[in-house]
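In what comes next, chain A is part of two complexes: it sits with chain B in the first one and with chain C in the second one.
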Partner chain A sequence: METLTEIIKFINFSFSYSGSNALILKNINLSIEEGDFVLLVGPSGCGKSTLLRCINGLIPHLYSGVYEGEVIVDGELVKNKSVNELATKVGFVFQNPENQIFMFSVEKDIVFGLENIGLDRNEIDSRLEWVLHALGIEHLRYKPPYELSDGQKQRVAIAGVLAMKPKILILDEPTSLLDPRTALEFILLIKELNRKFGLTIIVVEHRIDLLTNVANRMIVLDKGEIIFNGCLKEVIKNKNLNLYGVNVPPVIALQNYLKDEGLIFNEFYLNVKDFSKEIKRRLIGID
Partner chain B sequence: MFWLAEGLVYRRQESIIHSLDPRVKLIISLSLFLLSLFSSTIFEFIILLSAIFLLGVLSKVLRRMIKTITFSLTFVIMIFAINLLVGYDLIFSIIISLRFIAIISSSSIFFLTSSPDELDLVMRSLHLPYDLIFAFVTAVRFVPVILLDAVQIIDSQRSRGLEIEKGNIFKRIRNYIPVLIPLIVQSIIRSEELAEAMESRAYGFSKKRTSYYTLHFKRKDYFVLCLNLTLVVLFILLIHLFHL
Partner chain C sequence: MIEVESLYFKYPLANDYVLKNISLKIGLGEVVGIMGGNGSGKTTLIKHFNGLLKPTKGFVKVFGKDTRKESVAYFSKKVGLVFQNPGHQIFSDTVWNEVAFALKNFGFEEEIINKRVKWALEFFNLIQYKDMSPLLLSGGEKKRLCLASVLAWNPDFIILDEPTVGQDFLQKEKLIEIIKMLVTQNKTVIVVSHDVEFIWLLQPRLILISNGIIVKDGDCRSVFKDDSVLEKCGITKPQLVELYEELYPLIERPPVDIVEARSMMLKLLRGLK
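Then we have the complex of A and B:
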């Protein structure tokens, strides 16, 4: 039987930035298993970005502050590893892809990280081919960053990170600069990476409806504390979600409303298609 | 200001010169530069400038090279006038002015025919510290990005009633303060994000950073290099041995 391995673990973890008394994260206890696709939500300033930066070591190595408790990533204490050592375990894609592409061409940018970790030419070659293919950006290989669209830039940013073969991929509001269609394509691409390569994925996203069908875990953070944490299907049902600035997808809100009105469904449907099927079945059943 | 840049900024083009190894282009540019520095007769400058313009024609960048020279004419006239005024004779003043033109146009050969990418490779092949190369690459890479930021800030300040083009010269300079401050702040924020992204991409991971890209001389590079050396030696011999 396959056993689940914990890849990220927070133990009684608290953090505040230096120069500020306010705790940004309060007593966090959290464990994430390998292969999980986690949706992390919460209002602005709730500590999402801070939490993510604790996983790849930017906290405490780049940002100092009061650091209590432990963060363990892939069996090792984050505070004992440097950020660039962790870079081969944790890939971090930031909100603005523009600031993550350093080089004059897509290829050179992907190679940048691989050169940093000192890989030889053959290994760089094979990873380059692999990552270009995996993200479907072979045609962009020699393009300079200013010739790319936002969606393409975001793919290139992921490519640069993915080429390092991390076990965990963190995305901080990756679709905020993308139009709805490109955003959906992008999320499906991430799901593909999760499914194909068993990557553990953590996404911060305000457009929850994009992720209800792809994520399996959902964590709601507010004022530095974990409010809800569990299977996405269970967490998203919660009626109090909107109190935490979570934009509940209409199909979920409708089911909650109908439940209050006394209309009980056996299951909870995450997308319009499944829900309308169920309604149709019932209506025909009534007929 | 834009047309000063016009003469120094690389555009993707194809020519015999463009296709050379960037190190060869640097050596050609540098040898013309040094010869201009040490030449002291009008005859020498006529040869040097003809060579520079010939290279301009071969690399199809002559027009942009001339643009740069036209721009620098103000300085040339100033240099010429100052030399005359402080009491040097006409010939000497002309020579100094020609030297200035030769220096500018010879260095523009390299910059007009080599992409920033190639510059990066040249610096790598010179084994410069990677921190320095990286700083250069990102600086060039972010020029268009920051320019775009500036345009956006100007637009937004204009839409709030800022009249940039109004007033005398001092007023105009002061008008740029509401543009510069947000631009600097934005660039600082950007650089912070850049630092985070660099760290997350293992920048500085190991002392033994590998280099995927290396430059290789081709046959034509060797040929051009030899030709360049021969011409330089010939030039020096002709001038100094035979006092042409």
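Then we have the complex of A and C:
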């Protein structure tokens, strides 16, 4: 039997930023298995971004504060590893791509990280071709960042991170600037990376309808504490999710409302097609 | 009234036009959604509404004044633009001063400034951060701060570029409430967004842009019916529209919100008994 490996572990972890007494994360105990696709949600200001910074080492190495308990990534204590070392294991796509793109052309930006870790030219070229194609940005290859639209910048930022082939990929609202179809294609691409290479994915996303069919795990954070943590199909059924700021997709909210009215379905349907099929089956026996 | 006539625009030194032959009129008391694929020209278009960008050809008039003939400051009083990226907008040392900045520039009296800043910060649940640097706020909070700063000076047109990015459920609900409230005051709210679920709840007049051209302009129900145009613009359908299409003719129209969807489903399923 295949054994699951814990790739991220928080043990009795709390954190507050320097100059503030407020605990942003409170006694977090969490373990994420290799290959998990995690959807992390919660109201704005609940500590999501702080939690992510603890995984890639920006906390405690670049943001100081009171750091209690332990964070372990790929078997090693984050506080004992440099941000550079962690960068080869944990890829991070920021909310705002402008924080991430700084070279003079798309191509140079993508290969920057690869050159820094000393890959040979052939490997750099092949990874470059792969990400340009995978993200549909071949036509932007020689463009300077200032000529790109925000959506294009987002894709370039993602390309630079994907090219590093990290073990863990963290995305902080990665689709926020992408049009719906591009966003969906992008999420499917991330799922493909998760499935093909066993890449562990953590996505913070308010548009959770995009992720209900791809993530296997859901964590809800509020005021620095974990409120729910488990299989997405189970967590998402919880009626109180919107109280924690979660944008529950209409098809899910609708099933909860109907359940309150005593209309129970055999299953909890995550998309409109399956739900409608069940309604039609009940009404007119059409499958 | 914002009047756009035969607008063409290209950035300096660029060869191609980003906007091509755009003509439209937006009156007071409207909710207008603008959607389109990445790089389609949405943001470039709205930057013409307060004179930040000037047409290469054609014209844009706000309350009859040509945007090429007055300053951006003049139009900003009438047309408030909340940028997509809060980093482009926030620069003051404290949250309070950020909201007060424009009011001071517009020459409001101290007492009015204090009242409006307090109102805006309380409304957006930011008052507890009033003495903090805006840079310490979370992404979602910064976004709310930008909105608070613009609403504080009470412009006639409020343009929101991707307002739901980084916003949780409660903030989105609040945003819908604010937009509806503004419309009752005869203000116009123009929302540029990729968030189809949010747009559907607003039920706006919806304008779709593709490659710098307006490809559709109508009420959102009719726009969301047009599969080929949606495809062209990279837009997916809201779940409640999808539900209607899957269940038609069992239900006759797409529910406008979850409450209506619930009563439609109850009627359908209970009618069976």
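Before moving on, here are some points about what is shown:
We take it that the second predicted complex is superposed on the first by the 281 of 287 C-alpha atoms of A that agree within 3 Å, B and C clash if a C-alpha of one lies under 4 Å from a C-alpha of the other, contacts with A are read in each partner's own complex, and residues count from 1 in each chain.
Note that a residue touches a chain if its C-beta (ideal position, glycine included) is under 8 Å from a C-beta of that chain, and two chains touch if they have at least 3 such contacts.
Everything quoted here is computed from the prediction, not taken from an experiment.
By the touch criterion defined above, A:249 reaches chain C but does not reach chain B. When both complexes are overlaid on chain A, the residue A:164 reaches chain B alone and has no touch with chain C. Touch criterion met: A:87 reaches chain B, while chain C stays clear of it.
Once chain A of one complex is fitted onto chain A of the other, the partner contacts of A:120 are limited to chain B, with no touch recorded for chain C.
In the superposed pair of complexes, A:98 makes contact with chain B and with chain C alike. By the touch criterion stated above, A:207 is placed in contact with chain C alone, chain B being left untouched.
When the shared chain is aligned, chain B comes close enough to touch A:145, but chain C does not. Once the two complexes are overlaid on the shared chain, A:156 sits clear of chain B and of chain C alike.
Applying the stated contact rule after C-alpha superposition, one finds that A:236 touches neither chain B nor chain C. According to the touch criterion, the shared surface of chain A, contacted by chain B in one complex and chain C in the other, consists of residues 96, 98.
If you check the complex, the residues on chain A that touch chain C are 42-45, 49, 95-96, 98, 149-152, 173, 176-184, 206-207, 209, 242, 245-251, 253-254, 257-258, 261, 263, 272-273, 275-277, 279-280, 282-284. Here chain C touches chain A in the complex through residues 35-39, 43, 84-85, 87, 137-141, 144, 162, 164-172, 194-197, 231, 233-236, 238-240, 242-243, 246-247, 250, 258, 261-262, 265-266, 268-269, 272, going by the rule given at the top. Of all the residues in chain A, the ones that touch chain B in their complex are 53, 56, 58, 61-62, 83-85, 87-88, 90-92, 94, 96, 98-105, 108, 111-121, 124, 145-146, 160-161, 164. Listed in rising order, the residues of chain B touching chain A in the complex are 115-117, 120, 134, 137-138, 140-141, 144-145, 190, 193-206, 208-213.
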